[in-house]
């Protein structure tokens, strides 16, 4: 019914991600769209405020490439490995320049997206009492329950200019289905001004319509649909490829040395025209290692009611 | 007795057709069943092919294989694009500001488009206990525009509501910080009403065969009439065909 | 791993639903567990506070049978048909006795369950300004945003003593999967003190584990699992049987006349020992009419990661 | 050099084994990856067969086919009982009060079990920027009990935290209205610490081959020692076999 929104990553980023934007590339370990992060680096965006619960290696790369001036986050690290060295250099030694931090807890970040998606002026939660976090971040404030004296804390809504969500499959309108770890992609998408859906597979709307309960994001929200198979590497897409833990370990070594890091960016980002080239450069053997076996869900019957 | 019966269509058909035409150019409509559902589906087949329906039951992009008899009819689910839980529906779709038009019915409406669907008589001991808000209160506040569709009489078009369930233009002006702009049109079996800049309803169009006198007599306040009062174009053959053959073949809502 | 919780409806209601309890039999048109309501009537519970967004015919029957002293709700009617006559008699004429009402809007009720599930002292929403509802229900109160002057409204948490949730399928631990219209069953279950899961089909845990994203309710919450095929009639179970609109229309006639209504209760509830008898009494022709065609979802691949 | 290496097990193995034993009789555990994950899975095979793991990534009832290398490892998802979004996870499972034990690591802990995982040095210009709270702040407040598992030294067992990320027993007493009772045990590579009624940590058990002097030297305050100080029973053959053959064959976390 609606016209196709399918475009290339280059087009989508060029048109929808602007200097100074607040950008959320969400995904809790799973479905992190590295391909989008790399394209943003390639197009040399500047002064971005990057939001994520877990900045992860993708934001370390973006921070090292100089696209970001600020992080809004709740856990800063290389999951299962250690530190984000580029981020630490900027935070600990302003090397090469300072990086502003706006820090919450995981649940605080999730509640910020929910408040943004629901157009609430604040969201209440039970975290933060007796923690130094509200002192470090004055946006975390106490709020008194209108029923009696109980005090909880509040976080403000987060409404990114752009949310980039990677899905296993989507149709041309951007109706997207995800499975496996869901993180808070849906909330981030509903909260955002503009949404880019990136998918492993572009499917006919009929595939989506055969399982409407699995649809996380309605095309209604979506400005562009990018078909980018393997676009999450070294993160993963459940059922499509495995997390490349080897790369997360390699990144620890690469990122400790600023020159080696820049060389990596040259070779793997600036030096390539697209994620397709990245996939090819990574090579078939590596992809073979990351290929999972099969574990299919059972179909469910929605029933024909005519 | 229905206004246009002698003209080959019923008052209910005229009401549905007039409502459907209001949806021209609209994108996302929050809809309950009954006449609004038929109006929306008629609009999709005529003036608003891209209209997306969001049902209060959490179904988006429904493609019903039969006329749904309730907003929770299973035929709305099968083949739809998305089914959301009701928290996501009300928090993200409606309060989140994705809904362009909310369709509301009403037992009572006042001149400012404020709506009562709760009680006739005192709240504590009502003469008639009506269903209550359902989602109407949040639709009235959060949908960008509200369309009201209802039967008109002195009992339904009242000077003073027995209970204000869902706010319209309040006493004439809505708080600026409200996401929605409030009721933009009221379609009844007698005519089409719009709202003047001061928030008061005025008769914009009379349905065929309905006299100004009839409309005045069916209104519980001094009815304001637009300068350029129009006559609603009667349903076209095509509009009637779609309603009678496709949308309400048994005439449950439109006979 | 955990012991089976499978029991009969009679046992479950006898053990878990007590006089004076606050009970939520949720389900928005879909998956309304009439079988549980009938068993509660049969066991002559008293002074229940019944919670539902849409009290529907099941609560009209329970109210007529005298099990309830109060309704907590947001829309009172026979969907697509008209009024709940037994409820109206008690509200309009205290006939045969008064019925207390605690009234919200749909979103207000949903937010009450969410607050109950999340152990929040209140939940904020944008409804109710300039409505008479806060005057009719003093539990709906304004709350000021801690960020600036904006005022929204708050509703208090709702924590039912018992939530009864009907699912298409569940395992013996009560891990339950639902599809089709979801209403707020999950939120009601997490908010409740005790949870009874009723299912169309008892399945092996492996069926649940093959599609973990479809699991709405963890067995962790569940006190009892009741296998009650067709337990929602005249409501429906997506993919299993259709809504019996004819019954909803019949109920309008039955319920207008108190004597006829009591006769119906005698014949269809008190006069039967179980829902199995109800299903049999309804007869194969009626069930045939309610049988949907097939419309299967596509399986999705979760992948084997060993 | 590790405390019990000469005894045929590593300090990390002793720490994991001692942690696992603490889980006897517990039902639902909120767990991150690394040593806590191994401790929980060891407990399921030994002292707590019914233990249910809730991962921060939203996975409940996981049945990993390999050692998960992160809390978001796909092997946690396939074959699990339920995967929830993170709002449902934190709001309903954790804040909702379903979690009996929350496992926390720490870069610094004080005598009252308050935890720092945010910065070493001043917040504005830290000497070391640590990961931050993640879910630790909500776990510390909402889990019924908290188990802390960490390496012990004067740099980690400190008189005063550089930053209080996750509250323990505050200055000795937690607010009565808090759902959780706070840290109940701290397991390190040197010993097991419990909390006295006044909320202060005390040494309850020393691991084999660890002297009281070592423990005191690795503590940044005047360490309190339980009357009945015990020696932690060494890992059994079976415990070591499970860790080395099943849970951490490459010794990523326990060598």
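To keep things simple, chains are lettered A, B, C and D as they appear, and every chain counts its residues starting from 1.
Note that contacts are C-beta pairs under 8 Å (C-beta built on N, C-alpha and C of every residue); 3 or more make two chains touch, one makes a residue touch a chain.
Fair warning: this is a prediction, and the values are worked out from it, not measured in the lab.
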Chains in simultaneous contact with chain B and chain D: A, C
Chain pair with more C-beta contacts, C-D versus B-C: B-C
Interchain centroid distance [CA atoms averaged], chain B/chain C, Å: 29
Approximate Å spacing (C-alpha centroids) for the pair chain A, chain B: 40
Centre distance in Å when chain A and chain C are each reduced to the mean of their C-alpha atoms: 37
Chain A residues counted as touching two or more neighbouring chains: 114, 119-120, 125-126, 150, 179-180, 182, 186-187, 210, 213, 238, 242, 292, 295, 302-306
Residues of chain D touching at least two other chains: 59, 73-74, 77-79, 83, 91, 95, 179
Category of the chain touch graph - line, ring, star, complete, other: other
Pairs of chains found to touch, sorted by chain label: A-B, A-C, A-D, B-C, C-D
Residues of chain A defined as touching chain C within the complex: 119-126, 141-143, 145-148, 150, 152, 154, 156, 168, 177, 179-180, 182, 207, 210-211, 213-214, 238-240, 242, 292-306
Parts of chain A lying in touch with chain D, wherever the complex brings them together: 28-30, 53-54, 73-77, 79-80, 83, 87-88, 91-92, 103-108, 110-111, 114, 125-133, 136, 150, 179-184, 186-187, 236, 238, 242-243, 245, 292, 295
Residues on chain C engaged by chain D in the complex (per definition of touch): 1-2, 114, 117-120, 175, 186-187, 190, 205, 208-210, 212-213, 215, 218-221, 302-306
Chain B residues within the chain A interface of the complex: 28, 49-50, 52, 59-61, 63, 65-66, 73-75, 77-83, 88, 91-92, 95-98, 179
Contact set on chain B toward chain C in their complex: 33-34, 56-59, 69-74, 77-79, 83-87, 90-91, 94-95, 118, 123, 125-138, 141-142, 163-167, 170, 175, 177-179
